[in-house]
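What follows is a set of structures to go through.
Next, two complexes with chain A in common: one pairs it with chain B, the other with chain C.
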Partner chain A sequence: MTDVKTQPPATTRVAGAPVRAGRRHRPLWMLIPGALLTLVVIVIPLLTAAYISLTDLDQYTIREWIRSPFAGIGNYTEALTDSPLLHAVAVSAGYAAIVTVITLPIGVAAALATQDKFRGRGLVRSIFLIPYVLPAFVVGTVWRVILQPDGVVDGWLGTDRTLWLNGPKSFWALIIVQTWASWPLIYLLAVSGLQAVDPDVHEAAALDGAGWWAKLWHVIFPYLRGPVSLALVIAFLHNVNNFTLPFVLFGIPAPHDVETLPVLTYVESFQNFRFGLSAAMAVLSLLLVAVPIVAYLRAVRLTTGEES
Partner chain B sequence: MRKQLAAVAGALLITAVLQGCGGDDDSGGGAGQTINVLIGANTIYPDQQRQWFTEVSDRFAKENGGATVKFETFASPNDELTKIQTSVLSNQGPDVYALGTTFTPTAAATGAFETLGADQWAKIGGRDRFVPATLGISGPDPEHEVGIPFAQRPFVMAYNKDMLAAAGIDKPADSWDGLLQQAKKMTGDGKFGMAISYADGFDPWKFIWAMSIQAGNPLVDGSTASLNDPRTLLAYQTYLSWLATDKVVDPAAVGWKSAQSIAAFGQGKAAYLPMVSASSRVTLDKSSVAGKYAYALMPVIPPGATSTPAGGKPAASILSGDNLVVAKYSKHKDLAFALVKMLTEADSQQSYYKTFGEMPTNTQAAEALKSDPLVAPIIESAQKSVGTPFTGAWSQIQLALLNVVVQTIPDLSAGKVDQAKLKGLVDQAQTTAQGALDKAK
Partner chain C sequence: MTLLPRPLRAVVLVVLLLLVLFPVAYMLFASVSSDLSVAAGHFWPDRFDLGNYGRIWSTTPLGRGLANSIVVAGAVAVLCAFVSLLSAYVLVRFAFRGRLSVLRGLLALQSVPGTLLLLPVFVLFSSTATLLGIQVIGTRWALFLTYLTFALPFSTWVMVTYLRGLPRELDEAARVDGASSWTVLVRIVLPLSRPGLVVAAIFAFLLGWNDVLFASVLTDPQTRTAAVALQVFGSTQEGGAIPVYGQLMAAALICAVPVVALYLIFQRYLLSGLTSGGVK
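Now for the complex of A and B:
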């Protein structure tokens, strides 16, 4: 971080051109389409959501939503004090973190296992991607059948009518299924990291007589740090925001142990028609997901225009 | 100069686009005009439904000077809700919607649909062409109706004739207590007295509502909710105990949705299958119980009673089916009402029943069906159906009722009903329901 100050400001670094000429001839107008798109796709909906979160918009006022009564921070107070929001945040963050931690070694191990060429490597790599490319709806439906009381899992474990889709075990059911569906993301980014490993370093390590563990720990892993930490952030956010899987697995209203944030927000909007309250919840969950993003951006110093 | 030209061209383009969006007004004749209808996709008879769309449009064009009907389908109530929300916001969209009965109050709360006065009813062919019970969920009161009954799917109970005969039972009980006694007699050897879908997204609250109203608690009275009434608590206890302590339901049913109960009944593993509509025939007629089952009314005497108590209503089913509503923003209201008139005529309703198995709402068409013995109980149930409370808060209340069952499933699976916990959940549902009613306008 200390060397940031010594860097010249980013603007002066454009192709080393003199500052004045650069400013005059930079075709900034070419940014207009991008800016318009950002405005229409991101900024306006975001502002609308923020506005809605301050109103008491419901099924009675939606016809003239712009005139729905102003509620101030009422929705935020209700969300934080008189709704299952905090419980949902705990469930979502907890399960997302656990899944991320579990998928990390699986993904990296799978990437390492398919690093060296062998017969059928392409096939194995494709098979690894199957859980990732299956639509979440399909994954949820299939696992729902597998996890039924007296279903396939009970058959495997030799147990009787285990309740996986409700009660305390449902939390672990969610973790198991989400792990199954999401580890290939870590795998993909770890593969890309491994491809960047310079073949020379393998040779150098071999010459120095490094064992496989030393080689892995001191040579390979430093290359993986960047892509894998990106993968961790994306995986965590992906898990926190996952709506389809819990929705399909457990239905609504969600059992208490798997009442995740997206499902709660959905129920408030589309079952209870409390659009204002739901928007407030969405804004609060945006703050939640902003935490890992900011941490990541700071870690890779993207905010300063500096590559790590 | 070039800039000015571009500005003029731009203005012209925008005007043209805006005009295109605005559509055209009703100008009497129908030629070239299109009525858009949003209706649920029929997953059991998809081909027949497409065929029916074409027939309706052709016939409508013939009778209305060339105006056509364009159908759009939705896959789930949520799809429909999204469509209604966007249409309501943008003031354009389908002219006519087919709404599920229990969703009608919530949709009506948006104020986006035409209220039916004498004028409108006359255009449809008169309010008296409908089976009176079917109008029970058309509006908060007869002066403010928005929904025009289109089809009925009343709930009944299927029973396995062989199993009842083997147990020496001559007919299904008409009280819930009696039904439990009969179910106990038929439980054993891997077979169960009842198949119940505890994990279904809709079935559970329908049982609770039915037992409550039969005991005299309608759950909602004006702007007051009464979900924590002892009668409703007893309804929950009865419903949950079937599996937990009475053991007349397969313990695996804690994970069953409606389709799985129907499947279990179809395999001959259950004697009674309450809370099914006529559409279960499609599955059951292909199952091992084909020809060995019949339908009957569900019990109408509440738990703990031997006859309908004072203030109780012998409701056989929720008022279930579809209502048609006409959007206020429609630019073709007369044509829309003409279409509704056509769809609710006796012959249209009869052919709709023959194709899709949904009961007519037209009195004349309903009378004609009474001669079919398998259908007779369904018609009877339709006549004894009672509408769920007409309030915009109903969907929240429904979800609160369902939530009690969802959160009790772990106990159920462990073979118990924890009274204190149940009471706590019911109190919580009451708070939610009352909160929703307080916001109702």
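Now for the complex of A and C:
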């Protein structure tokens, strides 16, 4: 990676003295506050989670959690064979994938539509970011009232007491609300991709008499591939890890059809007090996000390469 | 350049604006309507009554929640920006073993699910009471420590991106002149990186303001944040005879205003921070 290159190799320096002084004065201690916090609040808890997942920790043993009975891989086998975990994985992955796929054309279309100058464009761009800016707990609270039985959506559809927040339709309610809240992320990264488009190339294509769709497809979209695929990975991760929206929208215990992985892990800990089982579920949920995280790291490595 | 034919562009813009504004307008309208009208599913308000904005303060402990949120998220924002600057300065200007791993770690840590950390953080914080006699759970310190740490990876990444864009000649000249690293950082780098610091601080603030997961477990009714106060208020509406929808929407709006205001004021900075970091 290029970060090393931002620092010229010591051998290229002219004099020896500044190099030695530079080495001696590297203020590595400045990394300590961040490292210490990360160690105490992230690394040690991660290890603790792994340990708890191997014990039978419950509300009776929580005070003396280090001495709670060892359960081996019992929690893992229970999570995989005799718990709603696999169902929750399916719900989470399914809804995250569907939302990501729906938001892609919306975000790209919005970016294309705001690319040309027109009166009020600044205002439109600000408005487009509102769903993304609003806290998820506010979004959930508002949509909960909108989607209630006999609420405003029911009134417009002319239906009677539809259960959007319970039963099979709740899955689609979650998709609708999360789509509403998350498409601006794709839009933002598509806008940044469009800034790289070379106007000359675009004009040349226009002179060749290419139609607007042909121009988009052959000239514009290749510029968007990088930023938009990055956006897709990030969007998927956000959707999978999203706890607040389902939690506020449906409450807990969540309806079966929207029992996502984060909500299930939460309920298992703080409603059922099966801490060991919950930790095992959380550790397993890392597997679900591991693939997109690795893809993300690879994608970003390329962008840092261009920067320096 | 013209990317879309004008009629198509108009359709896209109008449809998206309507979709975005509908829930926002609904929140505004419902907050001034009667609860009966909201319960009956009317979109347009049946009256214009700002009374909900006054009543809300005695119905729920929203005021205390807002105060807690401002104190915690504000302190997190200031400290996080500074700690991020410290780390980013070293990461950008000095070569050391493991630098690449740290940078990669910054990105990876942003994607660790909060639910994986919630339980162990809760357990570890509770043990400080039994082992050291220090009560952390239920205090604002618990939230402060948690948010500060969770905000660090992204804020540091923002600062790394920002500092890379600063000419290194300025601070290197000062170093050659014999200034200590601390002096260089505080006198030269810090004033130059103000826009980056603002972005880092705002994202840290938003993380604290928006969190429900940790606040719902680590706080007690006295230290509850606005997010949890609103969530509890919303979920207790179902049991009652006539839910006070108007007040609920007024409360939601009040919780949204500081965030929206921050975005509008610092929009330009924030967007560059967002796209350079590539993440929310």
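Quick notes on this one:
Note that in this section the second predicted complex is superposed on the first by the 251 of 308 C-alpha atoms of A that agree within 3 Å, B and C clash if a C-alpha of one lies under 4 Å from a C-alpha of the other, contacts with A are read in each partner's own complex, and residues count from 1 in each chain.
By definition in this document, a contact is a pair of C-beta atoms (placed from the backbone, for glycine too) under 8 Å apart; a residue touches a chain by one contact, two chains touch by 3 or more.
Worth saying up front: this structure is predicted, and the values here are computed from it rather than measured.
When the two structures are aligned on the shared chain, A:271 is found in touch with chain B, with no touch to chain C. Put chain B and chain C next to each other and count what each touches on chain A; the higher total goes to C.
Legend: residue contacts after superposition of the two complexes on their common chain; A:295 is shown touching neither chain B nor chain C.
By the touch criterion stated above, A:63 is placed in contact with chain B and with chain C alike. In the superposition on chain A, contact is made by A:150 with both chain B and chain C. In the superposition on chain A, A:28 makes contact with chain C only, not with chain B.
By the touch criterion defined above, A:251 lies against chain B and chain C together after alignment on the C-alpha atoms of chain A. In the superposition on chain A, A:243 makes contact with chain C only, not with chain B. Once the two complexes are overlaid on the shared chain, A:131 sits against chain C while remaining clear of chain B. By the touch criterion stated above, A:166 is placed in contact with chain B alone, chain C being left untouched. Where the contact sets of chain A with chain B and with chain C meet, they give residues 62-63, 65, 150-151, 251, 270.
On chain A, the positions that touch chain B within their shared complex are 58-60, 62-63, 65, 148-151, 161, 163, 165-168, 251-256, 267, 270-273. On the side of chain B, the complex with chain A involves touching residues 78, 81-82, 85, 88-89, 106, 109-112, 199, 201, 251-252, 254-255, 392, 395-396, 399, 402-403, 406-407, 409-410, 413, 436, 439-441.
Chain A meets chain C in the complex at residues 1, 3-4, 6-7, 18, 22, 25-28, 30-31, 33-35, 37-38, 40-42, 44-46, 48-49, 52, 57, 62-65, 106, 109-110, 112-116, 124, 126-146, 150-156, 180, 185, 188-189, 191-192, 197, 199, 202-203, 206, 212, 215-216, 220, 230, 234, 237-238, 240-241, 243-244, 247-248, 251, 261-262, 265-266, 269-270, 275, 278-279, 282-283, 285-286, 289, 292-293, 296-297, 300, 303-304, 307-308. On the chain C side of its complex with chain A, the touching residues are 1-5, 9, 12-13, 16-17, 19-21, 23-24, 26-27, 30, 38-43, 83-84, 86-87, 89-96, 99-100, 102-104, 107-109, 111-124, 126-127, 130, 145-146, 148-150, 152-153, 156, 161, 164, 175-176, 180-182, 185, 206, 209-213, 217, 227, 230-231, 234-235, 245, 248-249, 252-253, 255-256, 259-260, 263-264, 267, 271, 274-275, 278-280.
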